[in-house]
Structures are given as structure tokens and as C-alpha cells.
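Below is one structure, written out as C-alpha cells; the observations come after it.
First chain written, first letter: the chains are A, B, C and D, and each begins at residue 1.
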Amino acid sequence: MSRLLPFALLAALAALPLALGTNPYLLNALIVTGILTIGAMSLNLLLGFTGQLSLGHIAFFGIGAYVSALTSLGFDVEIGFGYRVVHEPWPAAVGFLLAVVAAGLSGYLIGRLSFRVRGAYFVLVTISFAEVVRLVALNWVELTQGPLALTNIPAITLGLPGLGTWTLRTKLQNYYLVLGVGTLCWLVVASLVGSRFGRAMRGLKENESLALSVGINATRTLTVAAVISAAMAGAAGSLYAHYLRIIDPDVFLFSTTVSMVIMVVAGGKGTLMGPVIGGLIFGLLPVALRPVMAPEAQWIVYGLVLIVILFVMPRGIVPGLAALLARRSARAVPVLEASPEVQR
Amino acid sequence: MPGRFTLTTAILLALATTGARADTIRIGVNEPLTGAFAASGTYVVNGARIAADEINARGGVLGKKLELVVEDNKSNPTEAAAVAEKLITSDKTPVLMGAWGSSLTLAVMPKLMDYEVPMLVETSSSGKITTSGNPFVFRISPPSALEAETFAPMVSKLGMKKVDFLVLNNDFGRGAATDFGKMLKEKGVQIGLTEIMDQGAQDMSAQLAKLKGSDSDTIMITSAVDQLVLLFKQMSALGLKKRVITTGGSQNPDQIIAQAGSAADGTMHLTTFLPWLPEKTPDPKATETFIAEWKKRGFQFAGVTESFRGYDGIRAIAHAIEKAGKAEPAAITKAFWSVDFTGLNGPIRFAKSGPAGKESGQSKPDVYLIEIKDGRVVVPTL
Amino acid sequence: MEQLIQHLVNTLILGGTYALLGIGLTLIFGIMNVVNFTHGALYTVGAYLTYLAVAALGLDLFLALPVAILGGLLLGALIEVVLLRPLRGQDIDTTMLVMIGAGIVLQSGTLWIFGGVAKAVPSPFPEAPLQIGPASVSWLRLFVLGAALLLIGLTYALINRTKLGLAMRAAFQDSDTAALMGVNVRVIYTATFAMGSALAAAAGALLGPVYVVHPQMGGLAELKAFAIVILGGLGNVTGAAIGGFILALAEELGAGYISSGYRDAMGFLIIIAVLLYKPTGLFAKAERVG
Amino acid sequence: MSPILSVDHVGVRFGGLVAIADLHFDVHAGEIVSLIGPNGAGKTTAFNVMTGFLKPSQGEVRFRGTGLKGLQPHEITRLGLARTFQRTSVFPDDTVFDNVMIGLHRRGASGAAGTSRTPLLDALLGRAGASERALRARAAALLDWTGLGGRAQEKAGSLAYGEQRLVGVALALATEPAMLLLDEPVSGMNASETRVFVRLIRQIRERGITILLVEHDMPMVMEVSDRIVVLNYGRLIAEGPPEAIRSDPAVIEAYLGQGSAARRAAAEVREAAHA
């Protein structure tokens, strides 16, 4: 049953717009939630499967957003010594790919530099990195327009040779684009986790010394995880830029990282479904709260819901429910735990 | 499973509020009520409410009452865009007001294009808002270039020779430094340092120490009121005594006087409203009524320099709806161009701005120079 | 030269408050292994308590400070008993997230109660600054520096000279062993969290009159506190105190001679540099190998 | 014949504390050698140096003629030197079977082509590819061989202490080492378990794997070892076959002098810091 759950969820999400009719506001909320959920899934690859918490994850998201936006908008920047770099606008789809590559590269950089440290130190290196990147985006006005924001970012155009192009302007198209990218990311994480590489990550998380002693290269494994995670966050950032069509240094807000961490940990870190469930709940909770109470109260309830979930299910919703189901079921070994490749 | 449950709940709750009532005209108000700009957004909303109540007391517009649908954009651009989406599609508001800051407003603008719904921008200084070719934008606050232009005649009277800037690191601050710098250069004034401070930064002593060492006679500061209070206190602590002129219209002199005390003495401020001297405003009677109502509702007097824009914004929207003859986005957009009345800070009349064929509207409010002297606001004689 | 002297005086003044911000956080992390995301909110609460005591009760600033510190102490103890004690033994990420939730609640609560408009706490000190050669400094900030140094000194003495401090240090080394030695770890944890919270509230109470009081003030303070703690080495009180002064110096000189736009980046750049050079912070002992 | 492992005048200092001073001994291929000494003598520290978890302050360890200086633990494992740990010998949240699968990490890399890139669909559907199936068969065989077959689907962290030790050994064996370092493998085992384990050690040696053992259980050490190396206060005080060690006055002195709680605590602290 647990193996079917992702498919059921995917089918439900794919059918959701039909049920919603054309309520663009809810569709918008779902798109933004979806983009953040992709971010959460990428964070989960690091936090959930290697145990390393990147509290600067928004840096990769933001780098993706900026690279994608600048690729499709073009720029003209002096890089010192009288040299100028001039870039003519390229299609947004190319921007998406470059965003993935650039974010992945910065993931590599951060991985190489900071996996010499672990735990809380890694947390703080990543926070610092994100802050520095944010301040560069804010202050390098010639390239990023700084606080003046990059506006009129084009929508993503998908083109197939001979079949013409297809610009994703409407909400529905963007919804399916996000769902598609999200599914792809899910598949990537799922295949990684079930593989030899996934076992290496798990080994490092559970007992690093022992993992080293069976020949697992910690730095390389963690760096590869960071690269893939960052690349996925970059993809999410690119989707964000082309969907919202404006970005400014606020895309690097620390609170967005916090939202992603909430989605991962409350949903259940180290599970495939956790970030998706957590993402849907905490992405849509503000939407649900908006009509029923004062703005300040909404935040208070948001915080309380978070606390209550963690008190009831300290390991997150998905593991918590799995344990609950296991207790209910007569079988000693629950299905959910018997197939770690899918569940973990 | 839990995901789907919450999703359903969310959808039901959201749908529960949808569906416009026919007997009212809804106006969407998109302001920051939580987060960094909560104080200002709340002031603007309070001002807007006063205007709506006043109009409704006189019988409303087109025989219908105005209904403000106020939503919190959480001081966050993504949320501002989402809120616009909600107001337009769920609440079916034919016209919006918002979104307080430039980055918030800029985030909303693509949505206006998508749905062809007009928005009155009550606060926001970035030039981009009215120059990027969005014909659904009508702004009543002055962009910094316009503010600089209005200030230009006073420059020589003040005897400014060399000016340093200390500005907020956002569109508001950086835009002011650029536009005022350009104007001052044209006037033959030298430009010295341009120092930057972060939004939310509380200690600017490093920047001030640097400014203290410069040979300029004037420091032009662009920031919001909270930071100005800190700046004046810290300047006095550092013994930094130069002419100070603040720009941007978010200075709120009363709060400065109350909180910075004598440290604010002698500072000058470019402001767009003169609530201290109602008799000098373009429409003294309207100013007095507004201030009286503001006080009656128990709001702090200090808030009026921010809230009058919400008040004027709603009044301008009401005028547009009246002129349009129906509460429909396209008609209102068209009618904005014929709005012409005297607001609390000068005539509200939209001039075309931006690329031809898709111009935005920009009204040109009055700009006043005031000075704080012995804890009171005075208009300096130049 | 004059500018440099002013920058150095500023460093001293700013560093004291940064140090105060850092030690509370590092204490809690070191002893309890909790990343305290309520630190900024408690700092805000301390400032509002001072505001309330001065504005509503009409107390003197000097009397308002103990009120705020006591408030922080009690609130901290409450948070520990209600939120952290039941989660003992849970993953560090879980407790961190609960702290994030509590921080959101506290911060939104202050916004709800007090509104978003900044409040000022009047200062009893003369407005005219003290001139020290070419540099000048306000009396209020000198008082704040003095009070901060006093609080840091008291904390240091409490940890190193009292029985409670001895038990805290034992718990810092190894809570299991400490429990075996007869230390009541539950009490120590509550005391530690309350103390760290009181220090955060004290920082807010001291800086309230210097700056203005508003619901968002804790955000940046929290981020800086993290920077300070990492500079000093997690769990190292002396290190955090020194880290506070280093961060202040970096910001002053960075803004003064490099670019004020990157002022807040300085601290983070230093962190990256320090961690790459010495991954355990400037003043930490070697980390365990496995 | 040159030794498989030589510890060449190795010293380790922590600050002012000397953990190991000038340790020097060899192990020859096919031997079972025990490293003994009172608590805090530096045995685990010596293991940590040999396996790259600690950098020696002086001297060098050579394995099959290769200097291990500057090598990371995982690189040393790849050379064929595996170890077990005293305290935490398993991946606690995984099943015993998955523990061994993690241990087979290196096998996966050098095995049949395609192992490292499991096809997306296979992973998604939980279907194992051919090479993955081969790995699973290996893991099952290894578990049977170590007598853990019945425990394969249980969580390693929930096993009894002695069984966790066995999992640790299975993990180390999964790396196909030429030499195995066992850190107090029978502590926490009862007498019958220990007897079984001694048999296992002999079987391992029969597979051609050299063994270096740190152990406190003296009867067990005397029974199984070909040679014994004795440490005290970080120094080598005796070396030789079991009979000689049993009657060595320096060894007797060292063991009589210990036992105080303080020293035990000191040893624990040190092990916690470096294990």
C-alpha cells in the first residue's frame, strides 16, 4: 500500500485542478507551495538522508532564481579593469538549465569547503553563505539591479524542434510544470535513496565512524548529495523566478529556509513522502488560516500547529503515522518499514 | 492522507469567503500588516477605513456602499503577489490599493497585467513602478525623482555646497541617492560619500563615524521613521553636527520628536503632508476633518503622515469608480485618467509616465520642507 | 586617524552588547545541545518589559532592568519546562523546530499586543555625549557597556565559582556522567535555559533605550548572536564574549573602510574564513574524532 | 617474510598528555595478535591511529608495505585493513541486512557494471537490478556465515549487545579485508557467546584474514592469541607468546596497579573523545 501512496498522491494532485475548477487564487497557492515543496525535497536529501542541516538552503534557491532570470533577461556588467561582460537574452528554458547547473556548482563549492565541519558548524557555515550571497545580490546593483528588483522576467517557453514553441503563461500550465519538475525531483531522490549511494548517505548519518571504516568516502558522498540537493533547489528557484516574473534580494529571506525546514522536519525528515506532506500542510495552512482570523493570530496558530505536531509526532507526520498504522495492524513488521527503499 | 485532509479543509475555508455581494463595491487593499512594515501598513489601512466610512456615510458611490477587503501581504513580495491574486480572483475586487513598499508593489504588477485590474499605488518610491509600461498602475506618492525635482528650487537657498548620502539599502534609499544626486549635480553641488544601511539595522555608528570625518556640509538621509530616530540619537552621541535633510515621506516628525527628543533638533525633512499646520495644506477643511476623525478613533497622531495616503488613495479610487459609472476593472482603469480633485497634499491628477501606448499614471503631490525646532514642527523661511 | 579612534570606541561599545547577546545562546547550546531559536524573541520580550516597566509602571530605568531580567528568567524557565523537558532525548532538529515555533508565537504575540509601531524607552542620562579626545560616546551607551560587562562577569562567576556552575559544567562535559555523580540534570537544564533567556532579555532591556523597541528587533539580533557564538566556538562562554568584540570590530572597520553595504556581510565572511581555517571556532578545543 | 602491519615508533599526544609513546611492533600475515593493557593504556588510541581516525604525533604505521600517513579512514579500509568499534558497532536505524548492505559499499563500486546507477524505475518500484541482486545474495551469505541469518530483518539498534558485536564483525568482513582489527569484541558477551565468538575468530583466520585484537577477557585472549602485545601508560611493556606474557613480572605489576574508579573514568573520557 505504501508503494501506491505516492502514485495515488500524484494522481490526486494531477486531478486537483479539475476539481478546483478555475480558482486562480488556490491554483496560485498550490504553485507557490509546490515550488517550496521542491525546495523542501531538496533540503530533505541533505537533512533527512545525510543528517546535515543546511540553514542556508535558500542561497541555492536564490542563485537558481537569479541565474535563470539574468540568463533570460540579459545583462551588461563591468567586471573590473575595464572589461565588460555583455549577455544577450536567451530562452527561459536555457535559464532553467543554467540555474540547475549554477546552483549545483555552488552546492559543490559549499560541500567542498564546509564538509570539513559537521553538525552545528555546518549549519552556521550555510547560514553565513546565504547571507553573503544575499548581500551580494543586494549590493551588486549593476548585475542584479540590487533592491530595485529584476522585473519582466519572461515565462518559461518549452520548444520542440519542428513542433513549435509553447509558452507557459497560464496558471494551469505552470501548475503542471511545477508538478512535473516536482515528480522528477521525487524520482531522483527515490532512486538515489534506494541505491548504493543512498546506503552510503544513511550509513554516514547513522554512524559516521563506522561508515568510514567500511570504506565510505564521507566528503565525496556528502558533496555529491549537496550538489544534487542544491541543483534541485536551483530548479525550484528558477521556477519561482519565471512564475512570479519578478525577483529581488528578498528571495534570499532566511524565513523561507525556515519554512522549508518546517516542511521537512514536521513532515518527516529522511522519508520520501515527508517533505511532500509537510509542504502541502505548511504551504496551505496560511491559505486556510487567512480568512478566519487576524494576521497576527495566523502566525501564532502557525507556530502552535508546528509545536503540537512535533509533540505528538516528534519524528514528523509520516513516520508518526507509519508507527500508528503499525501499532494498529496485527502484523509485527509493518509494511511501511519493511521496504526501506521506498519508505526511507 | 493527512495532506489531502488539510488540503480539503484549506479549500473549503478559502471558498467559504468567496462570492461578492451585489449591494457593495469591493476594493481590495493589499498592505503589510505583519512583518517588517507592519506599523506603516496598519496606518495606511486605518486611513483607508476612515475614507471608506466617510464616503459610505454620504451614501457611498453609485448608490452602493464601499467595502474594503483588507489582506495582509506579510511584508513579503511572494505573499503580496498571492494576495493580489486572491483579491482579484476570489474576492472579485475590480480595483486594488497597495502594496506599501516598492518591492511589494513590483511583485503585484504582473498580476495586474494578467487580470487587467487597476491598482492605486499609495506608497512606493521606485521609478520602475511607473516607467515599466504597466497601464494598470496609478501612483499618488511621489517617486524620488519627482521629490528631487520639487526640492531643486530650495537647494541654493539652503546654501548647500557638498552633500553626503546615508540611505537605506533598498529601492527607496538607493533610488533617492541616485535621483537627488543627479539633481544636486545639475545645481552645481558636490556629492561626497554615499553610505548604505540595512533595513532593520539598529546600529549605524560605523557609517556615522565615517560621515563625521567627511568635509560635507549636509547629509541627506532616506529611511523609515524608526531608523531615523536611531540615527538622530546616534548622531548626537557621536557629536555629529551637520545639516540633515531627510527624504522619502516616511519620516513621521511627531514620532521623531517624541522618541529622539532634542537629538532631532534642527533636522529638516521633506514631507508630503503638513498635518501640524492644517491651514497651510491645499484643502484645510479636509485635513482637519481627517485629523479629527483619526484622533477620535484613538490612533496615534504620529500615524497621520503615513495614513493620509491610504485616505487619499481610497478617495481617488472612489472618484474613479464614480467617473466610470460602473464597478468594472476596464472602466475604472479608463476613469482614473479623468480623476481630478484636491487631496490632502495637493491635486490628485494622473499624468502619463512610461513607454507610449502603455503608460502608467503618476500624480504629482506637493512636497514641503519642514524643520524640527525646540520639539515642534516649523516651516523654515528660506 | 580621528575616524579610526571613533571606530575603535564604537567597537568597544557595540562589542559589549554583542557579547551579552552571544553568551546566553552559547550557554544553552553548550549544556543542552539546543539551538535556541527563541533567543531573538526573548531579546524582544526583554525590551518590551523594560518599556512596560518604564512607560506603564513609571519605574526608573535602573529598576526596570531587573524586572526585565526576572521576566526573561521566568519565561525561559517556562519554555524549558513546557516545551523542552518533554522532548528530552529527541533529535536536535526536533527541538530546534519547536524552538522556531515558539519563537514565531512569541514574536507574533508581541506584535499582536503592542502593535507594529516602534516604542522608545526614555533614557535617564544626559543627551550630550562624553568627549574622549576626538571620539565621543553617549553616557547611556557607556552605562550599557558597563552593565553588559557586569552581567558577563556575573555569569562567568556563576559558572566558575558556584555549586550550580560546577553542576552546569559537569552537565556540559557529559550529562550522563553528571547524572551518575548525583547532579539533578533536569534542574540544571531548566536553570541553564532560564539563565540564557535572562541574558537575552537583559540584552534587550539594555538596548531598548539605546535603540527603539519593536517586534522585529529580535530577528537581526538572533542572526548576529549565532555569528558570535560560532566565532567563539559553540558552548564556549569566554569565546562568545571575545567573539562579540571581534564581530563588532569587523563591522566597524568593514563599514568604515570597505563598504557600508557589506557591513553585515563582514561577520559572516569572517565566520566562513574562521571555519575554513579552524573549523571548531577560534576558541574551541579539538572536536571529537568520531 | 615482511610483516602485514608494522607500527613504527608511533607516538600520540593530546596537548600535554601522552597517550602513546614510541609504540613499536609488527603483525605477520595469518597471525592472531592481541593488544592488551589496563584501561587507559592507549589500546583504542593505537587502533585509531592504525585506521586513520587519529594522526600520530610521530612515527608511522605501514600496512602491506604502504605508509598510512595522511590517508583517510575510508582509504585505509580500501587497502584491506578493516576494524570494529568498541561502543557503537552498527548502523542502529537500519535492519541487520541493510547494515551489511551498507558494509558492501566497496563491493558495489568494483562489482558488475551498472551497480552505481540503479535504473530510476527499478529503484522506484523497489525492484533490484542484477548486480543489486548479487549484492543481496552476498549479504545473505555473510549473515548466515556469522550466524545472524535469523536476525536479518530486525533493526540493528534493537539487538542484544553481543549480537550487535557480531553485526559489527559482519560489516567489517563485508569490506573483504586482509586484516581485521577487533576492539573488545566479546565485552558484554556471556561465556557461551564468547565461546562461539572464539570459534568465529578462528574461522576468520582460516579465510586468510590476519587479526589484531584488543580485549580485556584474559582467558579468551590467552586461548586465541598467537602473540600478545602489552601496553601500559601508552608504552609497550611486553611482547611475546601467551605463556611468556602470563608470567611476565611487568605485566603482572601493571594489572595489579589498576582498578581504581578514577582510572576507569579517565579511560572512558579518553575513549569517548577519540572513539
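Some notes on this structure:
Here is the rule we go by: a residue touches a chain if its C-beta (ideal position, glycine included) is under 8 Å from a C-beta of that chain, and two chains touch if they have at least 3 such contacts.
Keep in mind it's a predicted model, so treat the numbers as computed, not measured.
Listed here as common contacts of subunit A and subunit B: C.
The minimal number of chain-to-chain contact steps leading from subunit A to subunit C is 1.
Set against the C-alpha centre of subunit C, every other chain centre is closer than that of D.
One simple way to say how far apart two chains are is to compare their mean CA positions; for subunit B and subunit D this gives 70 Å.
The geometric centre of subunit C is 45 Å away from that of subunit D, both derived from CA atoms. The centroid of the Cα atoms in subunit A and the matching centroid in subunit D are 40 Å apart. Separating the centre of subunit B from that of subunit C, both taken as means of CA atoms, is a distance of 35 Å.
Shown for subunit B are the residues that touch two or more other chains, namely 33-34, 169, 196. The residues of subunit C that reach two or more other chains are 108, 111, 219, 259, 261, 264, 289-290, listed in rising order. Residue positions 53, 275 of subunit D are each in touch with at least two other chains.
Partner subunit C is touched in their complex by these residues of subunit A: 47, 53, 113-114, 116-117, 120-121, 123-125, 127-129, 131-132, 135-136, 138-139, 208-209, 254, 258, 261-262, 265-266, 269, 294, 296-297, 299-300, 302-304, 306-307, 310-311, 314-315. Listing the residues of subunit B that touch subunit A in their complex gives 1-4, 6-7, 9-11, 13-18, 33-34, 71-72, 74, 76-78, 81-82, 85-86, 89-90, 102-103, 106-107, 109-110, 126, 128, 132, 169-175, 196. Residue ranges on subunit B touching subunit C, taken from their complex, read 33-42, 169, 195-198, 200-203, 205-207, 209-210, 212-213, 225-226, 229-230, 233, 236-239, 255, 258-263, 300, 302-303. Against subunit B, in their complex, subunit C makes its touches with residues 2-3, 6-7, 10, 13-14, 108, 111, 115-118, 120, 127-129, 131, 136-138, 140-141, 207, 210-212, 214-217, 219-220, 251-256, 259-261, 263-264.
Interface residues of subunit A, counted against subunit D in their complex, comprise 3, 187-188, 190-197, 199-200, 202-203, 206-207, 209-218, 333, 338-342.
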